[in-house]
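What follows is a set of structures to go through.
Two complexes are shown next, each including subunit A; its partner changes from subunit B in the first to subunit C in the second.
This part shows the complex of A and B:
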């Protein structure tokens, strides 16, 4: 019996294909894939045109463009170096993330695990509303309402914890205005909704039995959070934090008026009115820029673009991996 | 949604009278003590909130927790107090933004402010003259043009991501997410270098183009979510009845996902309506009204706010606040519309609920 089945020739493998057959379908999927490929075209076009215009500046300045600390359009070969701006962007982004992460995680916890259904939806709407605030409005509020309050916080930090290098200032005369600390807070307000929405989604997809099991074993909310909820969702939180960092690096108008730009490295005295941000620098110099300077500003934009693209790419990969239910 | 104690029974039913007093005391005492200390020692309110109130509240809550549930109650209370404290902080920030917008913006807000433009207005001109009419027209035209171009593109991308069986879907999705993090100033610089390379004049059209890469990812992603919520069986049923893919999409999937797709459009518009940096780089500002998007100067609401923002004159600051209020009302209208749309069928919240009850 088994002999006969062996001697039978194996059936020819059928070719299964499910491609579009009719003209209408070909048109339908063709349009869709052209649109999808527009994403590649867009990124490529952005890179190409930024490169074309940035090339004169990049070739004349060389590597010091990224590390140097001087921007002087009065010198004859014009000097354009944005080292402190890049570092300042990273510093403000880091501060924003440090301020925003605890707020966002606790908001997500409140929405998913603590509030009853209806008020949890309302809270989620409020967070979305925060995300919808235009950055120029936050800038206005930041300059006229928030800055005095944040300066007050700065002075408290400085007078009580001034022995930590982080909170030292050279002089208190300038009233703690224009510091990376304040800009960090503004940026934090912008990225709280980003981190919250991703954390919230992961929290709501956690296995309830696991959490209830931990509670049944005598765990408190705190220990359940530390031992069960956080380890299983930390990956997505990291992804959300990176997405927020990408947003923070690109923030322009909101911190333009609250930050004192300086082409001098500020390595970590966050209360000093001496900061940098690539995007704000571009905006501040754009008005009266000469042709050579415009090229330098576009080069700065190119650096910013590559930086945020890398961060966002890593963040998307992490978030996608941490949300397997989104795969199809 | 909470998991302990079960909310299905009356939450207060198992709490006896003395515990109710304890909870009441634990919620009132720290605040009172802090207020008293502040009044009598003149302590700074920020410092008092973090240095006195928070520790007191933590201790009080842990004590009550300990009395009620022993050691595990302490952990419960600590987490609850921290979470509520931090979340309230965010709420206070949001409310502060909205309240200052409403109170400061109301000073400038009037029919004149909405309808007039900015010609013959100086820094000290009284608020009875001049307004944001020209800026509103400019914003609506520029954003409208972007929307007309972006929406079909974004929807087609969403179709590609949900309906096709192509292999590059994951890559396209990741790339779209990466574009969504494109700094707005870079979008402006991109169009500016495009214009410099090709020798175009700066105009409202360039502003529209600069907003496209910012709106596209939002529309594509939200539309994808909306299409994904349509049960795939519906589409399979249509296909099994002999419908070609495009008819299955237009006659079955599209109507089912309609409100979600409109939400995608509205969220996309809300995303770009307040964008400032790209418009500052690409659209030359204008004090008068311009209806020509293809050439010449044009004013937009964000540029208007930006222009008056840092002024030291009070009327100018009032104009900035007034412009911000108008912009926020527009954003609020869009936002409210998305909430209304997602309510009746509650498409958005369905999958989460299904998984949660599993």
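This part shows the complex of A and C:
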């Protein structure tokens, strides 16, 4: 007993080295950290550039820049307000997601769970190929081939479901062209590959024992999908969808050809050629923009940039929160 | 309870299985009488897990799988016209090697998942939950936290939850594919006790690598073996005591005494 009361010297802590040891390691470590920091520096630089360039426009226009509905370079001082464009971007992005998600999720299900090995690989690379399609090509295809078809769909929707405000139009004279509906479809085609490939990845990493367990309990393919596969992977799928949305918002050229720009809010008459999208507006105005207008357009770009950052942030929060059981 | 559902006799007749061109099982003839526990033993790759999957048509899910022969549930061919895979699996439940509770569901919802998956109404759901958990002897451990995530349970509890989940469907037969291979000895013992209790109300088939387990829980034992590059098959089938203490075939004797496998 008495020995234990004698004060023992405090244990000497040894120094453990977890860092890089050899010269090669150090070199590799250094290169990797430079590359990693470069990404931050790049984003920060872009943000600073946008801020500096946008400042004149933002300070002269004030808050109405974001909410107002007028763009007039003939006036003095010049009026630049992009409310309908921001709203239009969100509307078209949302439509794209609504059209693309069921398509992409079914496609991923088909590829992972139904097709035999060889055709599954072929289908997967075909969908990936869709992602490699230059957006100019997609835009031209949209304008020349798809628009007439989508106009037909619009006409059918309008004549059958026209009593729903969503499908109302002020006049049928414009032949249902240039609407957010059509632009939404083009965006959907662009984001189907990214949602599909993320969903495919999630599905293929799913524990097969869970699926077998559900089938062994008398589940059908549909009920197994609805009650086990989808709930288990929904968090990651939502993340994929939001990544797709982030891409859709920034998409310029493809919908530039098919979308009618007008500085009126389109609150949800998706067949009406009204509203616009930020990226398309920048593209359409940039060529003949005055010094002051350029600043306004860059400010619009800044808004888009921040919007996309927010969506990506929300995506990561949702992905983390949707799968609490993954944390252990 | 469950007096309306009685245990059934399951039997296989000349069951052979192919995966693609490769035959993995040949002419398996076994009878699983009602209220008996049958153990399937044998070294890895002898086809016993494949065989147990033919008993509730789970092997059909493997691409390229083929089958010859018949499996009878009370005299009716489960591969016949009157059955589809879903109705077979409702009558013949299965528990897997690794505990696989549904991670998005609570303990309670896991128990009711079979009813929902097969599109049936869960009438008196509370009763079903309580009875199933009691039969799997896990009720006392989880009764106060039925709405917790199933994934919060320990491995052994998860496996008993999976047994309870199958029991909620009131199956006539329960297939267990190495149910204890991922569990500690304590959990293993509890599951073995559960199996014994359950055998009074159903027919049980269990695949196991554990010779002692086969001796402890089963009434009869089938020894599977696949020689090099030949399909697997049953070498010996009989009362457990006889298979372990006085096997007829020399290969069975070697296996149960630990000379190979």
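The rule is short, and it goes like this: the second predicted complex is superposed on the first by the 296 of 328 C-alpha atoms of A that agree within 3 Å, B and C clash if a C-alpha of one lies under 4 Å from a C-alpha of the other, contacts with A are read in each partner's own complex, and residues count from 1 in each chain.
FYI, a contact is a pair of C-beta atoms (placed from the backbone, for glycine too) under 8 Å apart; a residue touches a chain by one contact, two chains touch by 3 or more.
In this text the structure is predicted, and so the values were computed from the model without any measurement.
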First (subunit B), second (subunit C), both or neither touched by A:265: neither
Broader residue contact with subunit A after superposition on the shared chain, subunit B or subunit C: B
First (subunit B), second (subunit C), both or neither touched by A:116: both
First (subunit B), second (subunit C), both or neither touched by A:220: both
Touching partner for A:40 - first (subunit B), second (subunit C), both, neither: first
First, second, both or neither for A:228, with subunit B first and subunit C second: second
Touched partner set for A:243, first subunit B, second subunit C, both or neither: first
Which superposed partner A:212 touches (first subunit B, second subunit C, both, neither): both
Which superposed partner A:309 touches (first subunit B, second subunit C, both, neither): first
First (subunit B), second (subunit C), both or neither touched by A:253: first
Subunit B and subunit C footprints on subunit A, overlapping residues: 116-117, 212, 215, 218-220, 223, 325, 328
List of subunit B residues in touch with subunit A within their complex: 1-4, 7, 44, 46-47, 71-76, 78-80, 82-84, 86-87, 89-91, 93-94, 96-97, 100-101, 104, 152-154, 156-157, 159-161, 163-166, 168-170, 172-186, 189-190, 192-194, 196-197, 213, 216, 228, 244-247, 249, 270-271, 273-277, 280-281, 302, 305-306, 309-310, 317, 320-321, 324, 327-328, 331-332, 334-335, 339, 349, 352, 355-356
Residue numbers on subunit C that touch subunit A, as the complex places them: 56, 58, 61, 63, 86-87, 89-90, 93-94, 96-98, 100, 102-105, 113-114, 116-119, 149, 151, 162, 165-166, 169
Touch list for subunit A against partner subunit C, complex: 116-117, 207, 209-210, 212-220, 223-224, 227-228, 231-232, 324-325, 328
Touching residues on subunit A, where the partner in the complex is subunit B: 18, 20-22, 24-25, 27-29, 31-40, 42-43, 45-46, 49-50, 52-54, 102-103, 106-107, 109-110, 112-117, 120-121, 123, 125-130, 132-141, 143-146, 149, 152-153, 156, 160, 189, 192, 201, 204-205, 208, 211-212, 215, 218-223, 225, 243, 246-247, 249-253, 257, 279, 282-283, 286, 294, 297-298, 301, 304-305, 308-309, 311-313, 315-317, 319-320, 325, 328
